[in-house]
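One chain, chain A, appears in both complexes that follow, with chain B as partner in the first and chain C in the second.
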Partner chain A sequence: MKTSLPRRAGFLVLLVCIAIPVLFPFFWMLSSSFKTQVDIVSWPPKLLFSPILGNYVKVFAEQNFLKYFVNSSVIGVTAVVLSLLLGLPAAYSIARFQQKRLSVFILVARLMPGISFLMPWYIIFSRLKLMDSYVALILSHMLIALPIVVWIMSSYFETVPVEMEESAMVDGATRQRAFLSIILPVSGPGIVTSITLSFIFSWNNFMFSQVLSMERTKTLPIAVYNFVSYAEVDWGAVMAAAVAIMAPAILLTMIFQKYVVKGLTMGAVKG
Partner chain B sequence: MKVKVFAVLLALILILGAGAQAKEIRVLLANHPYGELLRAAIPEYEKATGVKVNVESLQESQLTTKLTTEFATNSSSADVFMTRPLQEGKMFYKNGWYEPLTAYDFSDYPESAMGVARFGAKPYLVPLVTEWQVLYYRKDLFRKAGLSVPKTFAELEAAAKALDSHEVAGFASRGRGAAAVTQVSSYIYNYGGAYLDKGKAVFDSKEALDAIRFYGKLLALHGPKGVTSMSWENIMPLFQAGKVAMWTDASVFYGQIVDPAKSQVAAADVGIANLPAGPKASNPFYVVSWGMAVARQSKNKALALDFIKWATSADLAKKGLIANITMARNSAWADPEVRAKANAELVASQAFAAKNGNPFDRPYMSAVGNARDLIGEVIIESINTAGTSQTLANLARQKVKAVNELLEDTGEFGVY
Partner chain C sequence: MNKGSFVERNIRVLFPLPAVVFVIVMMLFPVLYTLFLSFTNWNLTSGMPLRFSWFRSYARVLGEPRFLDAIGRTFSFTALAVAAETILGLALALLLNREFKGKAVMKLILLLPLVATPVAIGIVWNLFFDPTIGLANFVLSLLGMQPSAWVSSPQTVIPSLVLVDIWQWTPMITLIVLAGLAALSPEPYESARVDGASSFQIFSKITLPMIAPTLLTAMILRSVDALKTFDIIYAMTGGGPGYASETMNVMAFKYSFEYFRMGQSSVILVFLFLLVLFLSMVIMRLRARFEL
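So, the complex of A and B:
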């Protein structure tokens, strides 16, 4: 397809206009993570500076962020896997049997402010001696992941023609079998979307970990605050930690981006 | 086979049970230089006593959230914790979360610090760190302009005007409403006013309003641009970059503005002085910013008391002060070894503030956060109009009413 030069130029200008404000904070974060405290606070801002690695040393050597990475990953991955196990069949059932009320109920759980769950959870988990355990955090993060899985997948399953599973069932497959062997294999983009989104939401979650985790299960968003002290902020280290935390999320989104868009819009137009 | 498994399980349970019986306490610290100092020293304590100390360090607002959740649900396992007396002390005390510390020797603490540690007749927390309002100034700029350090508010205004230039703001102080409340307090005291008096809000008095107007005028005419959105996080970098000639704020920032790794201004060019005197008085705030307490819900109170005695000991206070942490204990400031190492101006300003200081830098009440927001609006109005606002008195009256309602809600109105 050929487009005229002015149109392409216009598109480019528009692209730059949007990209600069969007990318500038990232640029700022990235450059600050290689600056000394003096360079970070200097005014006017220094665009040319001698980069240092000290902030990353602080993050990974002095503060042992690797441990927090492991914590966040274990909690995020397990919560997402368990949410898929429960959420996929639930979404299928909602899609095929028109259980609208059930799906609204699940959505409400997601829409309720998270803080309202925290007090009861805290009491339950501390009575069960589950404070500072992965179990408590994984369960709490499933509140984030499960509704996303159910909502994305139920509208996705609705776009999968019923005839596909019906023909399988005519050939003698059970519904479960049809779901596993016919429906799931064609739902790749939807599943990838729900995995990506729910993992990122879990990865970024602050509130649940703040109350339910202690030193042993501390997650990344909480650990960033290790660099915020009373009347003192170590900006360089905060920036370096932020870069380190965002990297996996950005990577994940970049790899699966085309599925995410597809998966989210799949259920958008249905006849 | 089954018997064997059973025996192993039983042994495991016994071992775990024995483990649980070992002496162990849980301590929650803030991300604070003193918290770090304690963390480093705790292994020695563990070795000497055989008590295992489980330490957690949290950013201050996270610490408050965590403690509040744990105590409110009555399921806390915390034994000892760091606490901010002015911010949460009253609420924690009223909710019965502090264990009274009757077996602790408080004779080494200044009386003004004990004011916030005691409720009724009993002390409930140990003052750890104090801070007071000071004037930071650039010695080199003062020399160049041929000025001497201001001793009164009139001199402060004159100096701000003289030092103000295109490059450098003559004067800076917090302008962001709620955050500014603590810094405005000393100005109000020096004008002879107060936020609260006998359990009632009184910041609509002529004295208080004059102080707020003066503060607004100074910042509007000689402050950095956009000061109404600035707290210490924004002003300190400006000072460190050499863009501010005078800055009034808490003494806690001294270490960071003379640290060559953080500041572009040479340490020799940074001065620290008493906050200038006002028309009526010279009573800068001198507050306990951090204290330490034993949890009422603690199941190991004897161990907790032993730990808090060690963690707030005179010996550690001395170490803290040498590391530029402004400790509450008198003995630390009197120690000749400390005095030899510490900055003479800092020591002098501490002596002045400890003697003349006001123990509160904010309205001392349970709903302090809400009250700060309300007072902050008055301060911002004053800055926006360079202190000339016609409606300021009216606005202050409205806010006084609102703060009094907050006091009534918690049963603190008229109680003192």
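So, the complex of A and C:
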């Protein structure tokens, strides 16, 4: 069915009206990151200005941002890899043996407020002299990543036909062998979805690192937050920091868009 | 039947075991510990040993107007945000539920707020809300309206934070409903069209009932997350001005890590926890009921 030109033009206007408010904060953050403090505080707000790179130089050269970048990456990647190691077999077992209660038990971790574990962790990690250690941060971020992996992969494994591992098992393979060499290789899309989502949530996490990390293991969200706790806010530098922290998550989302949509929506839609 | 190795015979225990042990150690044990601490009046800075005080911490916290205010605020923040996000999100999904060029781009745009770092988002919105240099007041002045204090006034801080939450999370509802709409069977629509039903009739008699379970689940998931909102509130206002934007989560955080009143903080956590547990059970029930 062909729709008329005015209707299509109307729809296009509508799309633009939806996109602008969604995108505007990103646009403003990006443009402010290239402004001088004078341009930022000028009234009325400036749309046209001569861009500078000084804010980025400040963030990366003076503020040790690169170190926090590495911290966030190391903690995120390690937490995701370990969560896959624990989560994939668990998800497989939940899917194949219908372990409903088990899945609920692990998913409760996704629903619980983080602070209800954080307070006891703080006490325990202090006692164990693990404050500001990578171990504590990775363990805490695993509690973010693991439920995501189990949530996504248990529904994914249900879509993989049982016949696949059964035929391998008839040929004499053990079930664990079949899981490793038959099931996992065809589970790429599900694994990509879980990796992307759990990494993004670990990357964005603020509360756990705010309490468990100090200078050595500080992650990016804390670094950005500390920027504004100074008396006078250097808005340009803060915006540059905000751009730097969001860029990787947005880049990942662009590359793996389909997987991210699937992962975020599958909780509510059967599929 | 006793064939196969030990691993193969016990695979349904061995495969989930590491994950289960991890969750017990990192979640179940800490939650039980919090429950235990809620019956003490332990204060980390007082240097006093931990003493069992039964319900004294409960009495202290429940007698605190600040706590009752925080409960009310948590609920009003959640209700306002989720209601607006549901209506707006559903409307957007219905508008976008058709084939058009650039649909993938539109979905990507909608994804961006969901994956953006909340702390950084909060700071960007603080720049908007700045009373003297912020864009928000500039827009109001263009519309010929009085400037607002946004997050710096107790009267406007909650609506302003709700606005940020709406900006960030409406796309979540939209994407979930879009996925739900895509999974609907086309048959009822075809027969309705044959019968000459109006678009409003189609929406209220076919689409809405069929999408209701998905929408309901999305709303409850969103409510659970909204009740727990922390990053944006803490980064934008720290619970202020005064206690004007202090939700249960923020209050528990301050009691734990600023005042170190672990006993009383545990009491707040127990309440927050019961609330989330209740909602989680509603989710599970719904999923079972609608076979989601």
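The rule is short, and it goes like this: the second predicted complex is superposed on the first by the 244 of 271 C-alpha atoms of A that agree within 3 Å, B and C clash if a C-alpha of one lies under 4 Å from a C-alpha of the other, contacts with A are read in each partner's own complex, and residues count from 1 in each chain.
Note that in this section contacts are C-beta pairs under 8 Å (C-beta built on N, C-alpha and C of every residue); 3 or more make two chains touch, one makes a residue touch a chain.
Bear in mind the structure is a predicted one, so any value in this text is a computation, not a measurement.
If you put the two complexes together on chain A, you find that chain B and chain C bump into each other. Once the two complexes are laid over each other on the shared chain, residue contacts for A:Val228 go to chain B and to chain C alike.
In the superposition on chain A, contact is made by A:Arg175 with chain C only, not with chain B.
Contact with both chain B and chain C is seen for A:Ile123 once the two complexes are overlaid on the shared chain. Of the two partner chains placed by the overlay, neither chain B nor chain C lies in contact with A:Val70.
In the superposition on chain A, A:Leu14 contacts chain C only, with no contact to chain B.
In the superposition on chain A, A:Val162 contacts neither chain B nor chain C. After overlaying the two complexes on the shared chain, residue contacts for A:Ile94 are found with chain C alone; chain B is out of touch.
When the two structures are aligned on the shared chain, A:Val41 is found in touch with chain B and with chain C. When the shared chain is aligned, chain C comes close enough to touch A:Met254, but chain B does not. For chain A, the partner with contacts to more residues, out of chain B and chain C, is C.
The clash between chain C and chain B in the superposition falls on 255-263, which is one of the stretches 165-173, 219-227, 255-263 or 273-281. Comparing the two interfaces of chain A, the one with chain B and the one with chain C have residues 40-43, 118-119, 122-123, 211, 225, 228 in common. Every residue of chain B that touches chain A in the complex is listed here, in rising order: 30-33, 54-60, 62, 65-66, 69-70, 72-73, 75, 77, 232-233, 236-238, 240-241, 243, 250, 252-253, 256, 261-264, 289-290.
Across the complex, chain B is touched by residues 36-38, 40-43, 118-119, 122-123, 126-127, 131, 210-211, 214-215, 222, 225-226, 228-233 of chain A.
Those residues of chain A that touch chain C in the shared complex are 11, 14-15, 18-19, 21-23, 25-26, 28-29, 32, 40-45, 85-87, 89-90, 92-94, 97, 99, 102, 104-106, 108-109, 111-124, 139-140, 142-143, 146, 150, 174-176, 200, 203-204, 206-207, 211, 220-221, 224-225, 227-228, 235, 238-239, 241-242, 245-246, 249-250, 252-254, 257, 260-262, 264-271.
The residues of chain C lying in touch with chain A in their complex are 4-5, 7-8, 11-12, 14-16, 18-20, 22-23, 26-27, 29-31, 33-34, 37, 44, 92, 95-96, 100, 102, 104, 106-121, 123-128, 132-133, 135, 138, 167, 171-172, 175-176, 178-180, 183, 214, 217-218, 221, 224, 227-228, 230-231, 234-235, 249, 252-253, 256-257, 262, 265-266, 269, 272-273, 276, 279-280, 283-284, 291-292.
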